[in-house]
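Consider the two complexes below, in which subunit A is the common component and subunit B and subunit C are the respective partners.
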Partner chain A sequence: MPTYGKGLRGLSILTLVTITAALVLVFFYAPLDASQGFIQKIFYIHVPLAIVSLCGFVFGGLLAVMHLRTGDRRWDMRSYVAIHMALIFGVAALVAGSIWAKASWGHWWVWNDPTLVSYLIVLLMFATYTPFRFSIEDPERQARYASVFAILGGAFVPLNFIAVRAAQGFVHPRVLTLTGSNLPGPMLLTFLVSLLGITLLYVTLWKYEMAAKNARIQMRMLRRRLFGDDDISPLQRSAAPTL
Partner chain B sequence: MKTALTVLRKDLLLELRTLETIPAMALFSITTFVIFHFGLNRPTIDGQLAAGVLTVTLLFAGILGVNRLFVAEREQGGMDAFLLAPVDRSALLLAKASALFLFLAALEVVAVPAFSLLLLGPSLGPALPSLIAVLVLADLGIAVIGTLVSALAVQTRARDVIGPVIGLPLLIPALIATARAIGPLLGSRGPAPLPGKWLLILALYDLVFALVAYAVFDFLLED
Partner chain C sequence: MSLFAIAPALPLHAAGKYVAGAYIVFVLVILIYVTIMAIRLGRTERALVELNDDLARREEGSGDPAAPGDPAAPGAPARRDPHPEAARLSGAGRGPGDSPL
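Moving on, here comes the complex of A and B:
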């Protein structure tokens, strides 16, 4: 059984260094935005968080495909952790975006922005992932159904963005378009370093949670082998995969 | 294909004999129009507002059908019987999605004239062909996603709640496209040309989710 702890220390240090570097760049290197001033700096946190969480949802869907293909429940655990983490990042992105919207557009929430709205819909969809898992008792069926859900969600993310973007005008600044970037050089560099930092943070947290879950499961297996089945308290019903 | 037809025939026969789902959906939609009339406090509506009221009502009435779709299978052990039979499992998806599609079509045969009678300001006649085209595409989307969601939810403990809660966010893009496509058709100065962009998005949505449903449906039946 893999332990997921391998290389975790190096990865954590790398994450810390990259995020520190990103923050230094944000506050001391990137120029102030001409129209928005200081508040625009939240962009370097908000956008990477949003991008990483969306990629995390799709990543969870891909891991779920692996689960259905192989039938190995560890893939389901990976998918669960990926979606769980993406959900946390997503809520953070929404809060950061709301603060930015209040500062630059004057409202906490605006409906006429497709990126914001489609993001909310994706979050609403994935917010049902955990209750859905929780309402299925049989762990094996829970894993299988949750994987189907995750695949549906993974396909839903890009489609939803197409539909909502077609529905509304553009208020949100386009950061990365098909034709390239709209940012001046120093801002682009800062943005990319932030994006890298947040991505590393996601990967690190994913590995930490996997390691913790894995350690708990192995601990349980060892206890069972040592003390027999009677001394182990029965597993409680849980939304998280138990293996 | 033959299996799908057999199951579909069974479902339609069951519905004809018990009349459990379609009358409930139709009554629900008419009651909702009445509620909208008082909620909006308007004698007639047109344009985008009318499109929104119609789409939301049809969607919620459709959810009623989605919730009932696999209930008979679950209660009577039909799922196990189907698994025992040496047939392709995708046939069940095809049969159930077709059944739901027909239920939705039957619902609209009642609900759209009722909407026109009770709430709609401009006359429905000139907009009808385009409206039917949009509704067919929307029904396809609701049928595919509804079948999948219903199969997901029927095995959970809180299935009456889980179904709509998963289904509604999944259907939001289809709902946006439908409402936006219908909006211009119900304008107070007669129907504007049908916006092709929205039909395209609806068709794309239907296609992608039909493929996804086909790919994953087998896993919902395994036991």
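Moving on, here comes the complex of A and C:
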């Protein structure tokens, strides 16, 4: 049984330090944007959250590939937690972006921007992941079908990203391109530290949840040792993976 | 203090409320998540303590460690679980909406 709690304390401290450093840089180092002014500070939380959530969906897909390759259900659980975490980050990104849109464009949401709408589609697609799992009673089939879903969803994310990049009409500013960044040095540094902080937060929370789930599994095994199989009722239908 | 002296003033009267709102949303989401996890972790810890107590009682009653999963072992606790918390976490009497993990 792997131990996911190993190194969690160090990782948590590193995450806290990085996020604190990022906040200091955002509010006391990065210059005010010439056109947007202070409202542009949302960029340093909104964009890293969106990037990390999309990468989280891809990560979940890659873990699902490992599940289908090995048949080991622990990979399914890792994939489930990765997608679950990415969804939480995605909701935070969406709300932060919506606040920025209201301040900048005067609307909480606009439907004519491919970036916004495509992100919403990805988010809604992965929002069906948990109900999809719940709809399948047999845990073995649930894990297999969920992995296929996660792989297809994970593959859809980069394709969607490329399609949006290819779109001509957009409201969203393009500050990060394949050839580099349009951000000035201090802004870029602040953004990269923020991105690192949010990435570390994602990894920490992923490990945290995996450690918690692992502890509960060990609890169940301990109880089985103590009371025997007969005393433990079979698990009822659930969206969460079981081992 | 010098950092605050050179830092741009925070325009909390205009765009500041939106910026604060975005960052508060982020903190709230993380806080809610961590709180839920902490509650579940506390539940797991309590159940673990109960299970350890049961195991210790069983071992004391039999003189030697009971066979794993042998409810008929000497000193084994009654089949009815005295610790509903541990039973709930272990899957006994679970509802459809509850996560087994």
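The rule we apply is simple: the second predicted complex is superposed on the first by the 233 of 243 C-alpha atoms of A that agree within 3 Å, B and C clash if a C-alpha of one lies under 4 Å from a C-alpha of the other, contacts with A are read in each partner's own complex, and residues count from 1 in each chain.
Here is the rule we go by: a contact is a pair of C-beta atoms (placed from the backbone, for glycine too) under 8 Å apart; a residue touches a chain by one contact, two chains touch by 3 or more.
This structure is a prediction, so every number in the text was calculated from the model and none was measured.
Once subunit A is used to superpose the two complexes, subunit B occupies space next to subunit C without a clash.
Of the two partner chains placed by superposition, only subunit B is touched by A:Leu159; subunit C is not.
By the touch criterion defined above, A:Leu124 reaches subunit B but does not reach subunit C.
When the two structures are aligned on the shared chain, A:Leu68 is found in touch with subunit B, with no touch to subunit C.
By the touch criterion defined above, A:Ala92 reaches subunit C but does not reach subunit B.
Angle at the C-alpha centre of subunit A formed with the centres of subunit B and subunit C, after superposition on chain A: 120°, rounded to the nearest 10. Once chain A of one complex is fitted onto chain A of the other, the partner contacts of A:Ile42 are limited to subunit C, with no touch recorded for subunit B. Within the superposed three-chain model, A:Val148 lies in touch with subunit B and out of touch with subunit C [touch as defined at top]. Of the two partners subunit B and subunit C, it is C that touches the larger number of subunit A residues. In the superposition on chain A, contact is made by A:Leu201 with subunit C only, not with subunit B. The overlay of the two complexes leaves subunit B and subunit C separated by a minimum Cα distance of 14 Å. In the complex of the two chains, the subunit A residues touching subunit B come out as 68, 121-122, 124-125, 128, 131-132, 135-137, 141, 144-145, 147-149, 151-152, 155-156, 159-160, 162-164, 166-167. Of all residues in subunit A, only 24, 27-28, 31-32, 37-39, 41-42, 45-46, 49, 77, 88, 91-92, 95-96, 99-100, 102-103, 201, 205, 208-209, 212-213, 215-217, 219-220, 222-242 touch subunit C in the complex they form. Residues of subunit C that touch subunit A in their complex: 3-4, 6-8, 10-11, 14-16, 18-19, 21-23, 25-26, 29-30, 33, 37, 40-41, 44, 47-48, 51, 54-55, 58, 68-71, 77, 79, 81, 86-87, 89-96, 98-101. Across the complex, subunit B meets subunit A through its residues 148, 152, 155-159, 162, 165-166, 169-170, 172-174, 176-177, 180, 197-198, 201, 204-205, 208-209, 212, 215-216, 219-220, 222-223.
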